[in-house]
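In the two complexes that follow, chain A is the common piece, with chain B as its partner first and chain C second.
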Partner chain A sequence: MSNKEKASLPAKPKRTFAQKLQRANSRGDIATFFMLAPSVLLLLVTSVYPFLWIFRYVCYDYNGMNAYYTGTRNFTRMLSDASFWGSVGHTFEYALLKIVFIIPLALIMAVLMNRKIKGSGLFRGIYFMPTIISTAVSAMVFTFIFAAYNGILNAILRSTGIISQNINWLGDPKTAMWSVIIVAIWGGFGNYMIYFISGMAGISEDVYESAQIDGANGLQTFWKITLPMLSPMLKIILMLAITGAFKDYDSILVLTQGGPNDRTKVMFLYIYQLIFGSNTADPQIGYGTVLSLTAAVIVGLVTAVYQFFARKLDDVM
Partner chain B sequence: MKKKKVLSLIMATAMVLSLAGCGGSDNSSSSGSDSSAASESGDAAADTADDSAADSGESAASGDAVTVEVWSNNRHDETYMTQKVEEFNSTHSDIQINYTIMADDWSNSIQLAYQANTAPDVMAVSASDGLKLSEWVGAGMFESLTSYIEGSEDFKTVTEALDHKYDYLNSIGDDIYWVPTGVRSGTRIEYNIGLLKDAGYDAVPSTLAEMVEAAGKITANGAGSYYGVGFTQNGFGRWLEGIGEMSGLNHMGYDYENGVFDFTEWAELLKLGNQFYANGDVLPGSETQGVDNNRALFAQGSFCFWGNASQEAGVFTDQFPCSFDWGVAELPTMEGTVKGALSCTPNFGWAMLSSAKDKEAAWKVIEYFGSEEFLKGYFEGGYSAPLGSYMAGKIDASKTGRLGDFALQDYEDVYPSVPTVIVDGDDYAITMWNVILGNLDADEAVADLNTRYNDALERGIENGSCQRVTIAGFDKLHPSKGTAVYGE
Partner chain C sequence: MSGGKGVYSTQTKIVRGLLFLFMLIIALLTLYPIIYVVLGSFKENQELLVGGTSIFPKHFVIDNYIQAWEQADFATYTGNSVYLAFGVMILSLLLSSMAGYVFSRRDFRGKELIYGLFVAFMFINVGSVSLRPLFELAIKLKMNTSLFSVILISAGGGQATYIFLVRGFMNSIPKELDEAAKIDGCTFFQTFYRVMLPVLKPILATVALLSFRGGWNEYILPLVFTMTNQAKRPLTVGVNMLKNAGDGAAAWNIMFAGATIAIIPILFIYICASKYFIEGLTAGAVKG
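After this line comes the complex of A and B, so read on.
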């Protein structure tokens, strides 16, 4: 539109505040504002404010009570902190392996559970249950299951002849990472399964009927219909899975405390241990905040890279 | 359509108001106004109003009595404490104790509460909590108890408060911040008498090398059904550290005479400790299980040697009763002779927070917890052992059960506080545990600890977060007797 055309348009009538309010109300803006206000407020108080708060201590040794200025040492220490960079490596390993297994498993289970067969509702509930069980409690139960001496897993494997000697699942560096990943998959796949099922509910039955008329078999229907039409949902699920996997640490804290010999120490577990300290180590909140910021940048970068590649999932449709 | 909008607007308003109600102050007048404002929006508001009414009813019932908030992190004595608090409350119309047992993460809970102005008036303190007194006092969180103690003859006599001053543990200079009344003994070896006898031993060996050998024989006898030793997660501090102390190695790696960290002599002990794992004499996976899991396994005879302090007296009597005869032995040493003090842990003390609303009332409560009648029942109940000779002479030892097996030895003492350093990487306990597990080389690990701890000490001195301490006339067998000298 040229400037001349713009000039020829009639001027917008000026509205009074009351009119603006009435107009906003009629469009539902006020109700939306009040609906959003509690969650926005909570987000500001519990996420944004703490995030900004931690910037205060990046140049200090802070133990929760007193802060001692250390200049740039927290940053230089981070660069040469082998434990931290090791934990970053473990985080990538953990996240990658978790996602590689959990997403296909959740998808397969969702396809199976989505079929109108007797008892599928019950199984949906059973598979979803780990999501609503406290992570600490379920991890504690798994410490008993994985126990090397009298754990039920070793007992089953021995009785079926799969192993001849007990495996120290959580204490052996070769098996500890796999053990915590198994717990993570068990605890999370039911949740993603529900997301997939809700995504499938949005796919029209007509499309499946057309495919059947064209003679497509089950596998072809899955690859050519279900999966492509789930791609917008898959994109979201993958993002949730990636960010979730990078931030996991609570079950690992209970299962191995990051051991043996730091083999299962992931970024946020290391940060947690620094910030909360122990009987033999004072809290290191200042250094922990520097690592928290670095970890946030790492997770942010991973998410950005994923978003870049995930755009292709939109084009599938 | 319009109805829907009005309804959604009302709902949204109700949500915002209820949120505001959640964040309201505990001031009774303000909760009153909250509830009256919210009372227009249905059942939830009615509940709020009910709660508020109940609150005001309670405060009316208590009249002018001062409520002293007391927090403790001790769960094992809950029954006794609850009973004694009820007794106090029923006999005092002017002061009421509100006793709360907190969950884990004790230190952080108190700090957060203090910052949020919701801290208790009085809190339980034990040396094993790892609270760094200088930091708490530096932050202005603790109130000095010295003047109160000096004004209470009974308290001074019963607790021997002036004789149990430990620099930077419970006092700084003339100021006493908490008074320990009990003591947790240093570590002992609890053992399965039958399994040890079957291996040809009448008593726990007196050297660590012999103990490694005994563990091997027991494991061989067990043939996979039971083992020589059980550890737990990060198990170094349970008893191997005590063996080092009794063998004359530097407590927490700190050389009190020269004011530097020196872990060098620990290497030999770590190599021997590693033998338990290298020889396969440790209950498989015990290092991945929590303390209670391993206690339960000991109690069912899965391994012979378990190391822990006097709290095990109650554990193996009530919590996980053993189905066999179990004994308590002193720790072995490296060479069979005691060359240094085994650190014991003063406990069961009470500190007053500087934010206490009524300090006189708070002191009355601390005085009550330190009274003869209160402590007699506490010690006879086996919840702790008396630290001082006064209470030791007052209790009937026959009532303390297996706690008698953990009686303090001459070589047990309280070490002066080691400078608090912020060390890069794993602390000494985790590093040493990794050596024992076979993940690190002993000599390299102690050399690395020396470097990291001394670097941290120098940095701490430079930025003012710690100070070097040397002990004039330091005696490894009586570390609390020397004179602390602070400075760079």
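After this line comes the complex of A and C, so read on.
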């Protein structure tokens, strides 16, 4: 409505506003607004704002109190930061090893659960149980199990004669990464098993029945029917597993704090220690924001490469 | 396969037996750490410090719990965990039921944009760095000493999944129900409050459980917020702080008791309602 019209009809706008309000109220527009507003507000504050905030400090040296402009120094530092690129390498190593073990295990357990024999409900409930428990607490329990001197794992291995000397599972660079991965597999395979089970629920019983009539055994059924029919779901699950594995760091923080000698320091753990400081160093937030963005890009690239190959696989199969 | 029927079935029996054994071994390995810490929490500290292969306590003592509860502040930690978990749960229920209903039933300008924003921020993950601005914001608002800010952030981070869950469930409910309510004189909000909430019960049960678990198990977030504020620590943080305290070795019994206190309530809820947990997970993965 233009100004001219407003001037010529002074009473109307006011009335229309009241009417508008009433109409909006009766149609539920006002209720809609107030029902959606809390979620949107929280999204803006807890997700959008921190994301935009990151860009504010990429060119600064910021320790939580004072910020100094440093130009491109954060970027050049990143390029020559061997610990960071080391942590990127550890992230790939961790993610790869975790996925190589957790996905086949989850798939095997899902296939076994899918046979619906007596007690499989109970087994399923047990396998899923670790995902209910806080990763921080279960990681702590594993530090007791892995403890070098009085840990029960060493005690059992020694009493059965498998090892003769205690192994410092979390403190020895040779075993630390494997220990961390074992905890990750323990805590996560039930999750992926459930995804696979729900994927298999979509495969019709008729297919299995006709396979049985044709005399296919269990393994043949798995390779020729379950796996091909599961492949769209498998791609999604793999995708979730990859992005999930790249983001893990809280259980590693509890188990080894990235040690020994940074052997288990994954990139998000390295960034966490930069952002919030550690016992020995002040926070380096500006530098941390640059690494965070780089890490996000790395995860994005991995996802894109994976998607590319998953699609290629589609063409072949 | 040339063998007779009898041979075949014995073979099948052996294979089935082996598979069952395999399932059993994996189940025992899965349960072992949980049983180990629960039983270990009744061991004397001396026994824990010496080690040994036995998972059962030599002498069954509950002294660890009394010590943890009275001397190591676990009463406070447990209270904080309960507050945190219920806070996140209630807030998540409120947010997701209302927003999920609106996303399913209303059309308005900017809806696609807002919805897209929720989806986008499920995938944009910059890790722990996002806690820094929120921590600084909380200091500015003088909310950094209260667990309420932790509740808000935790619920804010988890709400997208729950909104999608409710929206997906809502989409499967016929619109005729809304229209009938409207004809009976219900306003939009009344339709939601009186008609839809009861219908949404099953999915809200799932949201309640998942968000309760989320709040109860939250670690890095409360760790950052209670770094200098011991009185506000939840169990996950409190028990781990004990481990990092340096003299950690001496307090194994208290840590075992603390870990058990952190595990048992959520495990009990899981055993009572495992169906909802598992359903929620699959619904979230497929529809979300």
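Going forward, the second predicted complex is superposed on the first by the 264 of 317 C-alpha atoms of A that agree within 3 Å, B and C clash if a C-alpha of one lies under 4 Å from a C-alpha of the other, contacts with A are read in each partner's own complex, and residues count from 1 in each chain.
Here, a contact is a pair of C-beta atoms (placed from the backbone, for glycine too) under 8 Å apart; a residue touches a chain by one contact, two chains touch by 3 or more.
Worth saying up front: this structure is predicted, and the values here are computed from it rather than measured.
By the touch criterion stated above, A:T72 is placed in contact with neither chain B nor chain C. Of the two partners chain B and chain C, it is C that touches the larger number of chain A residues. When the two structures are aligned on the shared chain, A:F276 is found in touch with chain B and with chain C. In the overlay built on the shared chain, the residue A:G28 is in contact with chain B and with chain C. Residue contacts after overlaying the shared chain place A:G151 against chain B and chain C alike. Of the two partner chains, neither chain B nor chain C is touched by A:Q212. Once chain A of one complex is fitted onto chain A of the other, the partner contacts of A:T143 extend to both chain B and chain C. Of the two partner chains, neither chain B nor chain C is touched by A:Q19.
Legend: residue contacts after superposition of the two complexes on their common chain; A:P38 is shown touching both chain B and chain C.
Touch criterion met: A:D61 reaches chain B, while chain C stays clear of it.
Judged by the document's definition of touching, chain A residues 28, 31, 35, 38, 42, 143-144, 147, 149-151, 276 lie at the interface with chain B and also at the interface with chain C. Considering their complex, residues 15-16, 19-20, 22-23, 26-27, 29-31, 33-34, 36-37, 40, 48-53, 55, 94-96, 98-99, 101-103, 106, 108, 114, 117-118, 121, 124-134, 137, 152-153, 155-157, 159-160, 163, 187-189, 192, 213, 216-220, 224, 227, 235-237, 239-240, 243, 252, 255-256, 259, 262-263, 266-267, 270-271, 274, 277-278, 281-282, 285-286 of chain C touch chain A. Contacts from chain A toward chain B in the complex involve residues 25, 28, 30-31, 33-35, 37-38, 41-42, 61, 63-66, 68-70, 73, 77, 81-83, 143-144, 146-151, 166, 168-171, 173, 256-257, 259-261, 276-284, 287.
If you check the complex, the residues on chain B that touch chain A are 5, 8-9, 11-13, 15-16, 19, 105, 107-108, 111, 128-130, 132, 135-136, 138-139, 141, 233-234, 237, 283-290, 293, 297, 302, 420, 422-430, 434, 437, 439-440, 459-460, 463-465.
The residues of chain A lying in touch with chain C in their complex are 26-29, 31-32, 35-36, 38-40, 42-43, 45-51, 53-54, 109, 112, 117, 123-130, 132-138, 140-145, 147, 149-152, 154-156, 159, 186, 190-191, 194-195, 197-198, 218, 236, 240, 243, 247, 249-250, 253-254, 268, 271-272, 275-276, 285, 288-289, 292-293, 295-296, 299.
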